[in-house]
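In what comes next, subunit A is part of two complexes: it sits with subunit B in the first one and with subunit C in the second one.
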Partner chain A sequence: MSAATAAAADPVAAAPPRPGPVPFLRGARVVFDLSLEAMLWSRRSVFMGLLLVVPLLFAILYRVLLAAHAPVRITPALFFGGMFGSYYIWFALPLTALFYATALVADEVEAKTITYLLTRPVRRTSILLGKFAAYLGTTLALVLPSVVLTFFVLMTRQGRRGLALGAPDLVRDLAVAALALLAYGALFTFVGVLLRWPLITGLLFLYGWEWLSILPGWAPRLTIRAWLTSMHHHTVVGEGLSQGVVQTLPVVPGLITLGTSSLLFLALAAWIFSRRQYVLDQ
Partner chain B sequence: MSALAAAAPAPITFERASRWYGPVIALNDVSTALLPGVTGLLGPNGAGKSTFLKLAAGQLAPSQGQVNVLGRPAWGHPELFRDVGLCPEADALWDHLTGEQFLMSLMRLAGYEEAECTRRTQAALEMVQLADARHRRCGGYSRGMRQRIKLAQALAHDPQVLLLDEPLTGMDPMSRRRVSDIIRRLAAEGRTILVSSHVLHEVESLTQRVLLIHNGRILAQGEVREIRDLLDEHPHTVTLRARDPRALARAVVDATHVVSIAFGPEPDTVTVQTARPDEFYGVLHEPALQAGVLEMYSPDEDLESVFRYLVQR
Partner chain C sequence: MRGRRALVLSMVVVAVGVLTAVAAYYLDPSRGTVGPMPGVGLTLPAETRVVTGLDVQRLVHSPVYQRFFSGANRPQAFTELQARTGLRAERDVQEVLLSSQAREGRTGAVAIVSGTFDRQRVVRAVEGQRGMSTRTHEGRALYVFHPDGAPSSALAFLEDDVLALGTEAEVEQAVTGYVRGTGGLRGNAELLALVQSIKPGATVWSAGDETLLSRLPSALPSAGGLPAMTLPGLKSVVFTGDLEPAVAFEAVIQTRDEKSAQQIAGMAGMIIGLARMQGGQRPEMQQLASAITVTTDQSRVRLNGSFSDDLLAALQKSQGQRGAGPGTTPGPPAPPAAPPSEPEGEAEER
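Coming up: the complex of A and B.
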């Protein structure tokens, strides 16, 4: 039988060839758009929004006390530095990353909507990248305004001069916040695709493993918190809570370590996500 | 390659495919080839239908053997989904999106340009008669509408292979008729359509070609007529949920083929047993409209008894 005859007899063979999967970045972009809105307007965002309003409330309280001539010894810069070092780095940022990143795939599996994503001509790594980008977009949209508003409320006490003096620290803190969301997010994305109940493991990591950061010697280098705390360096906060208990590690190795670990965890997450049979979890 | 697959190159082929979950064998050494047209995948709950369908849809990897779709392994080849559409059984949608947004998002994921996404979305919405509800959120859709939007996403990209998992479940008679018409039309265009169901009558209304599956094995493959007569010995049960169940019962009680009528199991449901499902569904249309039938479904006991008979034979 000739090839032409065979093709005519076989409707599948006769069908014109179609292109391969959707280009990687294009697929990721569509998943990003699809996931961003769902994440931003989720109940999770309401909860995290409340969590991130707390420093702002403290800042307002601080200004009220100053206005009432209460005997407050701490300066606005010191207050902001302490708030960022203790509340954001130790509590709000890792928790925000934990709640969003572990749910990137788990929410779709639980809602049984993962099928729609996995039955499109899109590579799974592309799906995961799009979801992770949406996670970063959502958490940055929640965290950065919280940090900036808290800074603004505190530093305007000293007028424009206060804002100008604190601006470099603010920029550094915003960068540290973004790095924290990236590093914790990559780790928790990996935990989220690996385990069926990732939240408990994540909490154990945050409130168990991360306490290694206060130990002497090499142990703090095995935590994300120690590197972040070292990068958040306010000259005026030398006696702040986090600065007092965590040793200061060098910044450049910190950037390399957190950047590399983020890439590694994302690559592992993508590898697992590409091979996992999610219908078994439904 | 098995002799079966070599003789008839088919869009969907299973070659000695098995799938087990731990110690449980869901599908056991299955070899078959599905040709263009509608094939009904019939079996009681737990027979292995869903596993069969998920293997064909590339959602599961076979533990042993091979499952090919359009000449390529179904597992691990996302590009296949340019030509494959899946309507899943689960009643799950992105409820925060409107019907239009839902389809547009999935068309973008299928790789189409924006104008083409819009064109295909509108065409699919019209095909499943949801154009008027395009701006409503999926979360507010009725069960029948949800089934139809699921079907729309499966066929909007014009696939050669359609895998439909219990597509008629929960639909009212009107929606059921519409969807059946769509499936038959798509099959007439030369597509390969696999419809899984635990209701023989549902499948019979779509095709004469069935694959009977039981305990993870293919029990029979061929014409539905061969098992059709068995149904006479096993009355077909239909449960209907209606706004006025008493009016519905009054309207169908005199039909000669109705064996029994009972109210329940819910306060707004009527359960009817009929010896002639074809005739019953034929006369149901008008009373269903008047009584406001919202949903109808069949338990799988009918099919279960037929399967028991086949297995014991």
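Coming up: the complex of A and C.
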């Protein structure tokens, strides 16, 4: 029996072999490209861009109005430190992470496009990794230039000397910002995969649980904010309201804690995402 | 792909910003040196009368330090630094600049300590001190200590691995000088010229100007077999010392005129002569006197000394015997003293 005859007799065996799933990293890269486009050019980015342009506006205001026309006691370094320690760490970075990371899967569910995504020959863990990488790319692309431009507007008031003085802080602050986006992002990705309405839970976490960071004792170690606050050098412990309360936590254990927790939350998110059945409302 | 292009553009902005700031940091004048003094020394207050530099690592690794200062004889300053900041000078500190100031009838002192240490660990050690308060000055944290019955002292980080500590007002001035990049020791041209004249490379160096020396008594009373002496007018003193390969020093004293220089040289010669006279009973004193030379050059007096290892061993032995007192027989050599214990929690964290 010739091959052609055999094929005619058994059409199943004759069908071309079904392609296997796309390799893990290639799949993640494709998802990364698609998600990056969608995330960067979205209304969410416009809103977060406005949120992140606020420090820059304050910096310009400081330069133009305060520092130029009135003798002020707040130096550019102090102003930048306050801006980073208060606005970015307490407000802008967690919110940026919350709005983007909780939406990684929730947006697809809400738009009812998750089915199309999951029927592609791409592993689910690959999809999540690609989406998380796109989240990191988008948020870093928004946050880091905001920090750098704010720094330059403020510190150039003192000329080259100002830049020289602030350079170590700038490098450290950029690293802390990246770490914050990683740690909060991993946590909110997990929350986004686990819960139906992750935004509310995330807000409760940020403005409820994270206040533990200013308590005495061991409680601050259970928050992300306390570790991040200990890594930049803008908070003066023992000054003002924080007198005798806010602690300086060690850096290396902080890096280990935030790195490990990020990996753990991402692994849990990937595990849940790869097993969950998504039934869409009709 | 617009997304990737936007990402690259954003990262270019960040990279240009960081590179510019880092270039400004490394090209900053405070990274340079003035003679043997690192540029950060320029932040010392303009009222500084004497400034001393110490290469701590060369000191603690020298045979002289091992012989005279290790173990139980550890310098008190090192112990105090460790108690206050958790820093172990032998391990963490590279260089120390000590300075003394005088202004409006009160004196102050500030030291600039640089090395390789974990800023956060030092901050935690400082925060644990009793009677400590914190405030900001020029955007930098100032840790102020209020010891009972003593003037308040302070500590501030000029950089992550450079800290200033001393009397509160002087540390504040150092922070101001550092942050603004103006004022400070730049305003004391005379002392700066003295520092500039010192050749870099010495383990220890010191420069003091006229204002410091003006506080010395104008006359020394008769004591120790020496007749009463009137001190001639001094203008400045520059000192350099090395510990390896042999202990050697040079002191250059600038006087007001040639006559004063002759007087100083005469006084130094008299002291050396007295040491020689003890040579009958204590031969090491004879050697010590022979190791020091005094020369004059117009209004300048130069003292040079170089001490061999044998001489130092003899001096140490002699010191030990005198410490034991007359009539006591020297016992077996004492076991080496244990190194000072580390602060609690430090060993486990390292």
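In this section, the second predicted complex is superposed on the first by the 246 of 282 C-alpha atoms of A that agree within 3 Å, B and C clash if a C-alpha of one lies under 4 Å from a C-alpha of the other, contacts with A are read in each partner's own complex, and residues count from 1 in each chain.
Throughout what follows, a residue touches a chain if its C-beta (ideal position, glycine included) is under 8 Å from a C-beta of that chain, and two chains touch if they have at least 3 such contacts.
Note that this is a predicted model, so its numbers are computed, not measured.
**Student:** For A:R26, decide between first (touching subunit B), second (touching subunit C), both and neither.
**Tutor:** first
**Student:** After the superposition on A, what does A:V279 contact: first (subunit B), second (subunit C), both or neither?
**Tutor:** In the superposed model, A:V279 contacts subunit B only, not subunit C.
**Student:** Answer with first, second, both or neither: which of subunit B and subunit C does A:T119 touch in the superposed model?
**Tutor:** After superposition on chain A, A:T119 lies in contact with subunit B alone.
**Student:** Who does A:W41 touch here: subunit B (first), subunit C (second), both, or neither?
**Tutor:** Touch status of A:W41: both partners.
**Student:** Using the superposition on chain A described above, determine whether A:V171 touches subunit B (first), subunit C (second), both, or neither.
**Tutor:** Second partner only, subunit C.
**Student:** Considering only the touch criterion stated at the top, classify A:A111 as touching first (subunit B), second (subunit C), both, or neither.
**Tutor:** In the superposition, A:A111 contacts subunit B only.
**Student:** Between subunit B (first) and subunit C (second), which, if any, makes contact with A:L212: first, second, both or neither?
**Tutor:** The answer is neither, since A:L212 touches no partner chain.
**Student:** After overlaying the two complexes on chain A, where does the subunit B footprint on subunit A coincide with the subunit C footprint?
**Tutor:** 33, 37, 41.
**Student:** Quick check: in the complex, which residue numbers of subunit A touch subunit C?
**Tutor:** 33, 36-37, 39-41, 75-78, 81, 137-138, 140-142, 144-145, 148-149, 151-152, 155, 158, 160-161, 163-168, 170-171, 174, 230, 233, 236-239, 243, 247-251
**Student:** Mind pulling up the subunit A residues that touch subunit B in the complex?
**Tutor:** Going by the criterion above, the answer is residues 10-13, 15, 18-23, 26-27, 30-31, 33-34, 37-38, 41, 111-113, 115-124, 277-280, 282.
**Student:** Considering the complex alone, what residue numbers of subunit C touch subunit A?
**Tutor:** 1-4, 6-7, 10-11, 13-14, 17-18, 20-22, 24-25, 27-28, 30, 118-121, 123-124, 127, 132-136, 138-141, 157, 159-160, 178-181, 349
**Student:** State the interface residues of subunit B toward subunit A in the complex, per the touch definition above.
**Tutor:** 9-11, 21, 36, 54, 57-61, 70-71, 78-86, 88, 90, 92-94, 96, 105-106, 108-111, 153, 160, 190
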